[in-house]
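First chain A sits with chain B, and in the next complex the same chain sits with chain C.
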Partner chain A sequence: MGQFIAGLLLLLALMIPPVATLMESVMIIHMHMQMPMLIIAGFFMGRFFLDRFPQFFKKYNQNGLPGILLFTIIMVYWMLPRTMDEALTVQTVEAFKFISLPFLAGVPLRDSWKKLNKVGRNNLITLFAVMFIGFGWLYIQSNAQLCNNYLVIDQIILGWGFITMAICLVIYLAYSLLVDPSQYE
Partner chain B sequence: MQTALKTTSIKQKTNQALGVNLEDARISKSYLAVAFIAVLLGGLLGLVQGLNRAGVLTLPAWANYYQVLTAHGLLLVVVFSAFFTIGYFYAGLSHTLGGLLPKVRKIAWVGFWTKIVGFVLVVIPVLMNEASVMYTFYPPMAAHPMFYFGLVLIVLGVWALSVGAFMQVAHWRKNHKGQHLPIMAFFATGVFILLVGATAFVAVEVLFLIIPWVLGWTDGINVMLSRTLFWAFGHTAVNIWYLTAVSAWYVVIPKIIGGHRWSDLLTRMVVIPLVIMNITGGFHHQIVDPAISEGIKYMHVFMSLAIGFPSLMTAYALFRVFERTARQKGGTGFIGWFKKMPWGDVRFLSPFIAMVAFIPAGAGGIVQSTNQLDQVVHNTMWIVGHFHLTLGMSVVMTFFGISYWLIPYLSKRVLTPNMNKVGVVQTIIWTVGMVIMAISMHIAGLFGSPRRTSFTTYGDFAEQLGWNPLMAAVGIGATLLLIAVILQVYAVFNMMFFAPKGETEFPIAEEEPGAAKTPYWTERWGVWVVLMLLVISMAYVIPIVDMIVNAPPGSPPFKTW
Partner chain C sequence: MIKNKQTLYSCLIVLVFGFSLFFVGTDGFTAYTAESARVTKLIEEKPMFPEVTLEDSEGRTYSISEFEDKYVFITFIYTGCTTVCIQLEQNMAQVYEKVPSEYRGKEIVFLSISFDPTRDDPEMLDKYKDMFKSDGETWRMARIPNQNELDSLLEKFGVIVIPDGDGNFAHNAAFYLVDGKGSLVDVMDFSEINEAASKVTNLIEANKGE
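Right after this comes the complex of A and B.
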């Protein structure tokens, strides 16, 4: 219950209008800080749902793949310039963001992550590393303004944010490939 | 595997029975000798500055104030702190991980000489007054190219030593599967990771921005980018010395007072967040810099305060250890137990005063990371007072306290009661000197006295003349500090070469009996490093991309002195 309350408090804090407005005022903070924090809030709250409805997760997310698929779809959806723009201009899309990221990405990620084996986890990280490089390239090279609400410089910063994240993911993958934990643990 | 395990455990037992490995001791002693020679020279130059600012000493024509200031900063911030940290942690790695591997020893020597050669290259232009750029070497002030080549060699030396430390740790872990890294080696791992992370930024600054610029290959330099890269390094460097001091507080002090270490998990959870969140703290040194938007600076206040949190945990943990140990020794009362602490033991007294100094020092740090308050004190003597409290007291007094057992341990000698007395006297003189100096600096700063400025009466302008009594107090403090430095350096070399022979213990406190087992995830260094990189990339991508894409025309080099 403690984790659920922590997650809920984080979600509520992120929903407070001045906090949301501040975070959404900078493109990269909107996508790379507010959105991951919403997922983290859902990840924490997930404990409660997993305890409350174990049968549901057992039935629909037996091997973790459906949950990861849902997580990936939600993630990709919110990485598109258009969806971010709409979150700022259309109230219902904004509401969908605050619901979808915690509950349709954070909660399934929590259930699925522990069900995946090492290969599954690393495949997911590889997928995201490749996607981040792709999105990074998109945002950096585009001369046109992709969002009505953000300037071109914001786009370029976001693009480099994607690239640096991808570099971190690649470093992690290299670490998990090169270092064999059984030698140490 | 079994054989390897056996060999190492035999090695460890031998280590404990016979004391230090002489070859490893030579490495640490060399580092410490250089460190304390730097203290002597740096302290002397500090006195010259203090007396100049007090208005009682006019510098001779062949020396200028900024040259002295540069040398003082480099000797104490770069040489003393780095050489001490490396000497201390290499001794700790050797002691807790069963002796250094032969290849690690070689690396340590290569690193030592690389750093020394680098340092000589840095010193020559400083002596020639060709590099009076102060230890921050902010462009567009440009020094002689040799100064920067020297810095590159110093960084290469640091990297070599870090690689050596990582090899030593990896070797131990392979032979001790599933065991937790001994706590001293855990601190060392954190410190060497931060050293690599921090120096990577300054290496980029020097190699890709400054050297092509001073050699005339590029026309101008991106000043803001250089400052940002510098502070990613500068801030972390300061925190590395602090983390080194903290390692002694957690691991060594409980043993010296006859107590136990409290909560291994908490100790490790102080190291891990400090490693993950440290580098980004560089931004709070740039609160009044242009080119970083207010919103970003505001968000970085959280990062800075987040680094403060482990310090609060440390304060709690240590005072708990003190109280518990003192009560076990019969101490009573609400604060009466304080009397049971070993006040006459310099190995405790000096680090204890260091810890107490961190209370006002940390509070001052919070003032400076708060935008509105920083507007008042930025670039004033307040800042100088602040880092003389943090480095000059919290860090340096801990280092001094360490020297009174580490050096006898390394040289197979003992700390005599007389030398202990010298240490206590030295500690008191240093404390009085630093308190007078740091408080005067803080007050002078509040009244507006600028830092990094040679003595002037501003045309006898009345308000500025009001600073003079405070600056005279700085001179008095600096004089006391030099006396303490002389005593300290005398003690160090006496303990290294002349003290009576004997065995001294490397004091490492045991955990409290019945302590909970520390979870194994604390050992996942690969994950902590990736998290550190993620935090760094999130923190730096906005201002750095902005500074590069929206860069003004670069600045040509200036020689302002």
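Right after this comes the complex of A and C.
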């Protein structure tokens, strides 16, 4: 229950209009801080749902694949330039952001992650590294303003943010392939 | 990999959900940026050019009805711009050149509208127009002195202008085409010069043929 409260408080804090407006005023904070924090909030709250409806998750997310699919779809959706823009201009899209990221990405990620084996996890990380490089390239090389609410320079910063994340993921992958932790225990 | 039926079903449900989400979110996989969505919507809605007073480089003032029964080819700019406006106006000049000269002024008028009325007075616009060899008659440059009127036009035509605090603006750019009755008929990609020129020429010819 403690985790659920923590997640809920985080979600509510992020929803406070001045906080939301502040975070959304900078493109990279919008995408690489606000959105991940929403997922983290869902991840914490997930404990409650897992305890409450264990049968549901056992039955419909037996091997974790459906949950990961859902997580990935929601992630890709929020990486599109258009959805970022519309979150600022269309109320329902903004509301959908605060619902979908915690509950349709955070919660399924929590349930699915522990069900994946090492290969599955690394595949997922590889997929995201490739996607981040792709989106990073998209945001960096595009001279046109992809988002009407942000400047081109913000867009380039966001692009490099993606590339930086991808580099971190690649470093992790290299580490997990090359280093065998049991040798050091 | 998928061992039981329920997991298969939930995978399918998730995929269908994802497909519908993207389908709705991108207007049927056509608009991935808010800009393309805006253009699609504008072309559907065909908003009217509002009643605003334009003041051109020669200090003449008039409303859009000055161009009644003529197509008006419009761009939105500010003269202090060092980036996209120059490209936009250069491309507009090329479209201007490509439209048969007998139509210019008679069937179609080119109009660059400044959204920085405080700095872009008639004198400034006059200097700016010479840079692009605009004649001030068949291709005019104008400002809308009244800020409220300007805002109403920008909002209707979906032009988003963000001041950056240093006297510059971030803004979206496109070619706008308004018909003889003052309603917006097309929003075109400003980098597709040939396409825009032939579209405009065809429209004029079709209109004359009627």
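The rule is simple: the second predicted complex is superposed on the first by the 184 of 185 C-alpha atoms of A that agree within 3 Å, B and C clash if a C-alpha of one lies under 4 Å from a C-alpha of the other, contacts with A are read in each partner's own complex, and residues count from 1 in each chain.
We take it that a contact is a pair of C-beta atoms (placed from the backbone, for glycine too) under 8 Å apart; a residue touches a chain by one contact, two chains touch by 3 or more.
Treat the numbers as computed from the prediction; the structure is a model and nothing was measured.
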Item to complete: Check chain A with both chain B and chain C modelled on it and let me know: fit or clash.
Response: fit
Discussion item. Just to be sure I read the superposition right, which of the two partners does A:Cys168 touch: chain B = first, chain C = second, or both, or neither?
Written reply: first
Worksheet item: A:Asp85 contacts which: chain B (first), chain C (second), both, neither?
Response: second
Discussion item. Touch test for A:Ile28: chain B only (first), chain C only (second), both, or neither?
Written reply: first
Discussion item. Quick one: is A:Pro66 in contact with chain B, with chain C, with both, or with neither? Answer first, second, both or neither.
Written reply: second
Discussion item. Under the stated touch criterion, which partner chain does A:Gln183 make contact with: chain B (first), chain C (second), both, or neither?
Written reply: first
Worksheet entry | Which of chain B and chain C A:Tyr77 touches, first, second, both or neither | second
Fill in: chain B versus chain C as contact partner of A:Leu146, first or second or both or neither
second
Item to complete: Can you pull out the angle centred on chain A between the C-alpha centres of chain B and chain C, to the nearest 10°?
Response: 110
Discussion item. Quick one: is A:Ile39 in contact with chain B, with chain C, with both, or with neither? Answer first, second, both or neither.
Written reply: neither
Worksheet item: Which partner does A:Leu101 reach: the first (chain B), the second (chain C), both, or neither?
Response: neither
Response to the item:
Once both structures are superposed, the least CA distance from chain B to chain C in Å comes to 13
Fill in: chain A-touching residues of chain C, taken from the complex the two chains share
1-4, 6-7, 9-11, 13-15, 17-18, 21-22, 25-26, 31-38, 160, 162, 164, 170, 172
Worksheet item: Can you name the residues of chain B that touch chain A in the complex?
Response: 170, 173-174, 177-178, 295-296, 299, 520, 523, 526-527, 529-530, 533-534, 537-538, 541-542, 545-546, 549-550
Fill in: In the complex with chain C, residue positions of chain A that touch it
59-63, 65-66, 69-70, 73, 77, 80-83, 85-86, 89, 144-149, 151-152
Discussion item. Can you tell me which positions in chain A touch chain B when the two form their complex?
Written reply: 22, 25-26, 28-29, 32-33, 153, 156-157, 160-161, 164-165, 167-168, 171-172, 175-176, 179, 183-185
